[in-house]
Amino acid sequence: MARIGVFVCHCGENISATVDVKKVAEAASRIPGVAHSVEYKYMCSDPGQQMIRNAIREKNLTGVVVAACSPRMHEPTFRRACAEAGLNPFLCEMANIREHCSWVHEKSEATTHKAFDIVRTLVAKVKRNKALLPIKVPVTKTALVLGGGIAGIQASLDIANSGHKVILVEKEPSIGGHMSQLSETFPTLDCSQCILTPRMVEVAQHPNITLHSYSELESMDGFIGNFKVRIRKKARSLDEKLCTGCGLCVQKCPSKKISSEFDAGLGLRPAIYVPFPQAVPNKPVIDREHCTYYRTGKCRLCEKICPTQAIRFDQEDEIIEADIGAVVVATGFDIKHGDFFPEYGYGKYKDVIDGLQFERLASASGPTLGEIRRPSDGQVPQTVVFVACAGSRDPAKGIEYCSKICCMYTAKHAMLYKHKVHHGKPFVFYMDIRAGGKMYEEFVRRAMEEDGVQYIRSRVSRIYERGGKLVVKGADTLLGSRPLEIEADLVVLATAGVAQAGAEQLAQRLHVSFDAHKFYAEAHPKLRPVETNTAGIFLAGACQAPKDIPESVAQASGAAAKVAILFSQSELVREPLIAVVDRQAPPLYSSCVGCFLCQPSCPYQAIEKEEIRDRDGQLIKTIAKVNPGLCQGCGTCVALCRTKSIDIQGFSHEQVYAEVLALLNRGEDNV
Amino acid sequence: MKTGFYPGCSMKGSAREYSESLLAVARELGRELPEVPDWNCCGATAAHNIDTDLALALPARILAAAEKDGMNEVLVPCAACYSRLSVTRHELLDDEALRNKISGLVEADYQGTAKVVNIIEWLASIPDLEAWVKKPFAHRVACYYGCLLVRPPGVVKFDRPEEPQSMDLLLKKMGAEPIDWAFKTECCGAGFSVSRTDLVAKLSGLILEDAVSRGAEAVIVACPMCHLNLDMRRPQIEKQVGKKINIPVIYITQALGLAMGIPARKLGLQRHKVAVKLSPRTAES
Amino acid sequence: MEDLRNKARELLAAKAVQVVVGYGRGTGASRRAVFIQSAAEAGELLFDNACRQNLAVYLMKPEVRKLGKMALVAIPATLRTILQLASENQIQDLELLALVPDASGAVTQLATFAAIEAHVVLQDNDLSAAEKGELQKYEIMGMEQRRQFWEEHFSRCLKCYACRAACPLCYCSRCTVECNQPQWIPVPAHDLGNLEWNIMRAMHLAGRCINCGDCSRACPVGIPLHLLNQKLISEVYTHFNSRSGMAAKADHAMSTFKPNDAEDFIR
Amino acid sequence: MSDFNPKIVAFVCNWCTYAGADLTGTSRMKYSPQVSIIRFPCTGRIDFMLLLKAFASGADGIIVSGCHPNDCHYSSGNFHARRRWIVFRSLLDFLGIDVRRVRFSWVSAAEGAKWAQLVNETAEQIRLLGPFKRYHQLRGLGVE
């Protein structure tokens, strides 16, 4: 026989002002199975909790209902109090008579009556509650970091320095990401590579970090603390152990006219190449699409001259499997390319370039060795127009958001140009200047005031070539919208920051969600900005939204801290409110008929197939099984199951059925 | 499928040759184009500056008449009329209350069943147009779309508003070589033709200069207003730019008519201010 | 007919199957299922327009299944049932043969799910014009009239569960009606129990029923149960563009979703 | 009829509508006391049989509410629920059961005002429809 304790709270006057709490407690004492029913001014106070603990011990209670505020407020408080008195915390329920009753109704009989209905409902439920034990899951203390840009590098170093193993996966031949392509960085104008490359080397040499460059995530299964990943290490066509990185092959390769990805298409590279001189690892890759040997079957020059015989033409992709406890996704972003601005002639005119291309022109390691020379004829441009918001904040282009980094890098570009071409005339076309950040506004003002960059508040309507010049048309909206034309030698478009190609596919592999623009979605936009909705997977950097370097680094350290918190425990403890498939005695074994219609309904892929076999190993039946590590307890499968073979702990069939009947004062719990 | 024809005022006046060439081509293609019965002015640029209800009621009356006559679509060759008719249909289909109100004003139950199509859409819908081409129109042409044919993008939705391509594709089918140029959708000055001819001369001058500088032999248009400004205002343009510009301005239907072997007179080519003299070219050149 | 008998003889003689489930003579002009286990008995097989039962129901009966590999004389509904059962992991490919007699009496043998799928796409799998017309008749009735119609019918329900026994998709080893903790559906055959039983059955068949009509034919008191199933077949097809029994591996309408599933009542 | 106090059961998910109803409380907005809430983890958990049980046990109206599409705490439970309700509602209607007695809604954790409005609208609707005698008179659970 159940012995339920009911504790009705006044919440000062928050409840007692409209609900007759004495009457509720008195009526509750008459519910079958209620052994103790009291009211008190503040149940959540120390003396209030002590009343509950004492009653549990003295009256030997088998369940507790606290009629007070919302369980979203104090359920943990009262469950803890029950546990302290030796009652399983899952045998405590809260009847919400404040938010759902006293606060929303006037003082009346009906309000008191409703409060009692709620109490009776929860008494009916708690009678059917079962003592549950928290689920403990072991944690594999190795982190997977996807993406070797500045965010991935920072996250890897922070996790590794906290004493945990890291596997860093980068899809390009070298880590470094977009930051390695940049010339200087705002707002300090220090050289990007000078501050980045030491970190890259640190990654390469860190004993806790295993780096897989030229690799991609193939698949991932499992759940927080217990992921299993498969990484595809693409064939570099050479033996990395033998290769010393001497670069002889790169110098001698006869096919040298391949557009360089690192130089954003402005420079050339050979078929066997390292993306840039400071690459980590400093081992070349053969680009099989362009290599003469792969195309024609002849050449093999690199093989002949390699002093360590490291070239392996027949090398195949390798699949590496690993057990992982947490994942940091730091796959970064891209900028909008392609036939996106026909009105700006982007992709049509050689001298209409994007921001990354300008970075390469301005970079000392770039194709022009840092001299600003335009791509079409190598001349130094005398007039340069920079167009901010090329696509961003433009619903007509399908990109409503602000790409956030362009205002700052455009100011930087104009400055760098002016520093290199003293007599040059830089113009910036902008909508608004968004320079929120430490020393950012000052930086933009410096561009305007010290370096004489002309800022024109105007959208650009069209850019076209006329007599070797690029005519940029706009209207100066601060000067009465006077139509305006500038004849430029070079135009730099700050094209919108967009999600990486393939972001969607990766999201599906990881089971994380993304927004309308394919940027990965954080679990909460304010309070959980580095977590995803999938436990154990964290976000860092621009894969979540366009971000600048300091922001990416800060988030990466945040994600690393989350990983370190996870790894600080040997076991994860989770609430046991999960679905369970029933088990019965032979010959039925389970009422589950194995139709697996529940399987696709699970958002967490938690439903597995379990084979029931006899002692000889003969298959008797295949039934569903819920993986307790993956199940998050939504209960969709429960409502779907025709044989009622799946039930969910904490919201079981018996519990909710009894609640419905009790709420309407029917069934065995009626008064 | 019944396609009606809404000429509007221009096709009966300053742009007679547009109408003549369209009907000549249609006849040759075996397409009937009955006029919308009892049609009225679309309101053009004037109505929507004065009264929004009037601006919707005038086109709604035309469309309701077409609907009543069993027309499934209405061909509107004038870009300005096309804009007014499609905007009206778009707005009335979007808003039931407004539709009821305007239906009441024009005393007709407007349903929106008749689609509004422009000349490009109509020509593009003709299967195997290439097969009708007897004498390829082998010239370098600048396809000039003007402002209203492809805009506003939320309403017309048939080509992209910047750097449109549909007219270029049609001209390619006729054997022409469309050039890549920057003034496809720039303003010609439009309705300022009378009140501020100086402005028209300046804007249209830029258009013609760019077309000529890129080697075009003809400018192809699909709008009476564009034609008027680029052709009839040529003396003012020439005065503005300070040089002679000989490039002819041809309606797309005239170019098609020539390619189909229809005599120039039937296409009204003699009506232009700027003489249409195109040097013959072989297919290779 | 001879074709079918010969095929059965051949299969049994070659031990390709252990039992041929087909139609034989029933009471009067009716046809009933026969279980032919030897070539000698094959002469009992019949095939004509009176053969309407969905023999796939026997696929899920353990006593028939234990006879061994089965060849099933199949009408269009049977084939779709086989695919539906396959998609619900109840039968494996190559576990059975389907024998499909055509109007001329010639028999097509379908040995794999792939072959059945290829055959099924060519069938007319939509509700027939007559069925749609009948549905519409009730759809345009007033709510109160519909309520009375069903109240009258359900008042005769005996809770004999013949509908369940005849249904090839009611194969659960424990039906919701047999759950008593809690007792989801009252045991007595009173109005409430009857209504809840029939709602429950229709919901559990939503997105699964292949419209064989055996439930209505089995009902001893003549409740038009097929109408409920046909209504939901039509809803599932209209709203989710999904049809059951078309493929051996399929997304089930009620366990999948599309983010843009349209409705007009959730406000 | 004027003293008819309908009984309305609300089946809501924990993460959006339950929290939304909490917000109604913290904002001290008032609504009709005829509605009581039963908490579920997700709308995906709500079994259609429970709705039948509520009617059979004397409910005059039902509210079912959860997270807006794309906002589900479990990412897709509400999408599954939506399919279920599309089919279930058509079936009830086909059986001549008045679907105006079941109100489906999406109420987010931020929509305290919407919850109050939803409850009041439903209560008003059910008041107009009167007691669900037709259903309660079917012989069943304790209604002998």
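By letter and in written order, the chains are A, B, C and D; residue numbering begins at 1 in each of them.
Going forward, a contact is a pair of C-beta atoms (placed from the backbone, for glycine too) under 8 Å apart; a residue touches a chain by one contact, two chains touch by 3 or more.
Quick caveat, the model's predicted, so the values are computed rather than measured.
Enquirer: Look at the interfaces A-C and A-D and say which one is made up of more C-beta pairs in contact.
Expert: Top pair by contacting C-beta pairs is A-D.
Enquirer: Using C-alpha centres only, name the chain that sits farthest from subunit C.
Expert: Farthest from subunit C by mean C-alpha position: B.
Enquirer: Name the most central chain, where centre means the mean of Cα atoms.
Expert: A
Enquirer: Roughly how many whole angstrom separate the Cα centroids of subunit A and subunit C?
Expert: Taking the mean C-alpha position of each chain, the two centres sit 46 Å apart.
Enquirer: Approximately how many whole Å separate the CA-defined centres of subunit C and subunit D?
Expert: That pair's centroid distance is 34 Å.
Enquirer: How far is the middle of subunit B from the middle of subunit D, if each middle is the mean of its Cα atoms, in Å?
Expert: The answer is 57 Å.
Enquirer: Where in subunit C do residues touch two or more of the other chains?
Expert: Correct list: 176, 184, 254-255.
Enquirer: Give me the residues of subunit A that touch two or more other chains.
Expert: 601, 640, 653, 657, in rising order.
Enquirer: Hunt down the residues of subunit B that sit against at least two other chains at once, touch-wise.
Expert: none
Enquirer: Chain pairs that touch, all of them, please.
Expert: A-B, A-C, A-D, C-D
Enquirer: How about subunit A: which of its residues touch subunit C in the complex?
Expert: These residues of subunit A touch subunit C: 588, 591, 593-601, 622, 640, 642-645, 653-654, 657-658.
Enquirer: Subunit D touches which residues of subunit C in the complex?
Expert: 138-139, 143-151, 176, 184, 186, 188, 190-193, 195-196, 199-200, 202-203, 206-207, 227-228, 231-232, 235-236, 239-240, 253-255, 257-259, 261, 263, 265-267
Enquirer: Of all residues in subunit A, which touch subunit D in the complex?
Expert: 70-73, 96, 98-101, 103-106, 108, 110-111, 113-114, 117-118, 121, 513, 533, 577, 601, 603-604, 632-636, 638-640, 648, 650-651, 653, 656-657, 659-661, 663-667, 670
Enquirer: Report the residues of subunit C in contact with subunit A in the complex, numbered from low to high.
Expert: 88-90, 171-176, 179, 181-182, 184, 204, 251-252, 254-256
Enquirer: Given the complex with subunit A, which residues does subunit B contribute to the contact?
Expert: Interface residues on subunit B, with respect to subunit A: 153, 160-163, 180-183, 186, 210, 213.
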